[in-house]
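All chains are identified by letter, namely A, B and C, in their written order; residue positions are counted from 1 within each chain.
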C-alpha cells in the first residue's frame, strides 16, 4: 500500500514553513538539488552512506548544511522522526529510488516527499507505463509480441535487465534467433526506432503558473534537453562493427556514464509540448497527476516523428549540464534556473500560497 | 526581379524609428529572435499559421507582443500594408524562406527585411554558391563531373533533394554504380571530405564595428559554433553497418533534428576568420555585400584543412544552443549575446547612426 | 638541467606585484587566458609569430594589451630581459610547449612561469607518466609488451607519432599482424579500453584553498569536463566500416579539431576526485607537486571504471567550451570561472598572501 497522502499531510501540518529543510541522497542530481534549494533560501541536508563524500568540499555552493550519514539506505526508515523534526522534505531522484527500492520508497517511507509517489508504480511497470503514455496519446515504439512478427529491427530486453546491460538489438528475424540463443531467458521486445535520441526534461506544476503552458491539471514547462552517453555502444564502432566485436566476446551495452547538452529543431517543439501535456492530463486521470520534473526519453526519426521509449517520473541526471540554466529555461525564468532549483522554487511558491500539500505526498 | 532596395527604402523613410517592430515566422530560430529583440527594446510580432502556438506560454520572455495568424504563408503578401503600418522589419530565417519560397520572398515581399535579399539568389543555386565562395578564395570539396572520374569517396545529391533526404555517399566507383541504380534521376556529385563537421556562425556588418574584425566591406564577428544532429545517419551504426542496413531497406538520411554546442581548436580560428572575410569581400563584389548572420558549413580533415560544403546566408538553427551567448560571444560583447539579439542590436545601432537603410532591403 | 627554481625566484623578487603581466602564445587556450587575466586585473601580453593575428579584433575582451611579434618561437629565449622588465609571468599551454619544444621550455626558458616546470619531464615520457599515475594509485590501461600477449583489443602507437596520427587499433592478434605490416617501425602497445571518453579538468593549488578538496600537498578542484572531437575517426563510420575504408587507403586518425562540453554521471565523481588527489599526492612525492591545471584523459567502461590513458600537466584546450564557467565551476566559485581565469586568480591569491614563489618556477 502506498503511504497515504493524508498521513503525510498530517505531518506537514506541523511543519514550520520558515524552517523547511530540503534533503536527498548524495548522488545522481544532488549537487544541483542542494545548490538550487539554497538559492531559494532553504536549509539542506545530504543523506550519505558510510561517510561524508570528500569531494563536496570542492563544491561549497552545493555542499549541504548538514549530512546524515547512514550504514545503508534502509536505515532512512528508522530516521523518519529525526528528519520530520527537522521539517525535511525529501527530493526523490534515480539513485534514491533505486537504492531504497521503489516499493519501499512508495509504501514505507513515511517522510514528506516532493511529488506524487504514486508515479512510482506507473513508471516502474512497462505495461502501466504504456497504458499511461500511449493511453494518453503519446507515440511509442510498437511492442512485438512474438519473434515471428519481427519485420524490422527490434530491441530485446531480458527480464530483470538493469543499468543498460541485458539488452540487444537485432536487425531482423534471423539476427534475433542468432542472438537470443537457447538460454530460455524471458524477454520483452519492441520495435527499434532508428533515429537520434533526445531526452527533453519537463516540469509539471499542479498550479496554473503564469510562465508555463497550461494543462487540464495545472501547467508545464520545458527545462532542458540532453543526450545520454551510453558506454560501450557509443564508441564501439571505432574498433570494428558490432558483429565483429560480438564474435570476439564483446557485448554491446547501453550503460549511461554522462550527458551532452543539445537543443531540438524549433519546429519540433510543438510536438514534444503536446506529448508533455498529454502525459500530464493522463496522469491526472490515472493517479492524481504528475507533479514536478519528468523526462520523455525518445527518438526522432527522419520522418521527424518522436517516439517515446520511456518516461522518468522525477528529476533525471540529464539535467546536470544545466546547473546554470539552459537555452530553454532562459526564455522562461528571470533567474538561472536548473531543474533542482525549480523544485525548490515550486515548494517556495506552494508555501507562499499556502498550498504545500498540493506538491507533497 | 528582386524587390528594389529603393522601393523598400522609401517605405522605411516613413517608419518611426522609436516604434520599430521586429517580426518573423514562429519557427526555426524565432524564440531567440523575439527574446533578443525585446532585450534590445523592440516590439515583436510573430507570424503563425492556423493558430497561436500554445507552447509560447512556456517561454514568456520569447513570446511576441503580438501574433499575426494566417491560413498560409502566401497571405503575408496581402498583409504588407498592415505590417508596414506597424513599422515592421522582417527577419528572414530558414523556415520563413522555405515556406514562402525563396523566389517569392526575394521578388514579391515588399516589406522591409533585415539583410540583403539578393543573397537568396546566390545561396540557393549551387553554381552561384561556388562562384561566390570558391571565387572568393574559400576552400570547397571538388565537383566530380562524371562517374568515371570517381577516385575517392563522393556524396551524390539527386536534383530536387530536400531536407536531408535524397543523398547518398559512395566510397568508390563500384559502390556508386551499385547505388545509383538505373532510375535515370539527375544528380550532382562532390568529393566526400572525410572529417569532423563544424558550423561556425558569423555576423557581417556593413559598418566598421569596433568589436569586430574589419573587412573591405565592413566588419565580421564569430558568434558561435555548433554541430548538427542528423537522423538517421548519426546512430545507424548501432544497428549494423550502413551496407547491412541498406540491404534491409533502410536508406541513410541526413535530416537535421537538433544541434550540439562545440568549440573549434583555437589554432584553426585564423583560417575560418579568413574564409569569413573572403566570403564578405566577394559578396560585396558580386551583390552589394553580405549583411547579418551567415554560416560556413564544413568539415575539418585530419590535415587540419577546412572544406566548406555549403553557406547559409541568414540565421541558422545552429545558433539555438547559444540563447544566453557562446564561448566566443563572451569575448566580444559585454552582454549575453545570441545571434537573434545581435540582429536587433545591429538594427538599433543602424538607427542610432541614422543608417537604417544600410541593413534593410 | 631544469631551470632552477631559485634562479626564477630571484627574478620575481624584483617584480612589482602590482604590475604583473600575464603572457602566453596566441593559440590553444590563449583567448580564455587573456580574458581571465584581465578579469582578475592583470595586464596581458600575447606572443605571436609573424604578425598580430587579425581575428583578435573580433574578441576585444580577450585581445591582449600588447603583442610581442617574433619570427619564431626560439626568439623568446632572446627576449627574456625584455619580458622580465615587464614583470611577465608566462602561462604554458600545449601549443607553447610543443612549438618551443618541451626540453627547451624546461631547461632554457629563464622567464618566470606559472606552475612547476618539472612536470614537463614527467608527462612527456610514457614510462615516467606511468610511474607517476599508476604509482600513485590511478587505474590505467595495461601495457602489452609483446604481440603474443594480445588477448583483447589493443591500441598501437608508433614511436614519434604526433598529433593524433601514427596510431592504430587492433581487435585481436591477427588484426595486429595484418596492420603492423613489415616496416619494422618501433611501437608501444596498450590494452584498448572500450568505453566512452571523458577529459576532466582539475586545478591543483599548493595552498589549502577553502573552496577545494584538501590533499596532502594543497587542494584540488574540478573545473570542467569535455570530450575531444577526433578527425577522421569520429565520422568515418558514415562512409563504411573502418576495415572497408582502410582497404581503400584511408587510415583512421585521431587528430583533435575541437571539443564538446559534457558532464559525468554524478555517482562517478568520487572516483575521479580520488584519482585527482592521488595524482597530486604522488606528484608531491616525485617532483615537488602538481601546480595549476591538469587533465586526466580517460575512458569509462560499462563496468563504470575509469581508465586514465594520459595526463596533461597544464591547461588543455578542452577547457575552451567553458569560457563563462561550467556546470561544475558554478558550484565552486561566486564568479564565472574559466580555467584561464582560475590561473590568474591563483596568481592574484598567491600575491595577496605574499607567496607568489609557491606557484612560479
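Here are a few things to note about the model shown:
Everything that follows uses one rule, which is that contacts are C-beta pairs under 8 Å (C-beta built on N, C-alpha and C of every residue); 3 or more make two chains touch, one makes a residue touch a chain.
Every value quoted in this text rests on a predicted model; they were computed, and no experiment measured them.
If each chain is drawn as a node and touching chains are joined, the picture has every node linked to every other. Here chain A and chain C face each other with different sets of residues for the most part; under half of the interface numbers are shared between them. Per-chain CA centroids place chain A at a distance of 35 Å from chain C.
Each of the following residues of chain C touches two or more other chains: 237, 241, 260-261.
Within the complex formed with chain C, the residues of chain A that make contact are 27-31, 35, 53-55, 57-62, 95, 164-165, 229-232, 234-241, 244-245, 248, 250, 253, 255-261, 317, 320-324. If you check the complex, the residues on chain C that touch chain A are 153, 169, 171-172, 192, 194-198, 210-214, 220-222, 225, 227, 233, 237, 241-243, 252, 260-270, 273, 300-302, 304, 325, 327-328, 330-332, 334.
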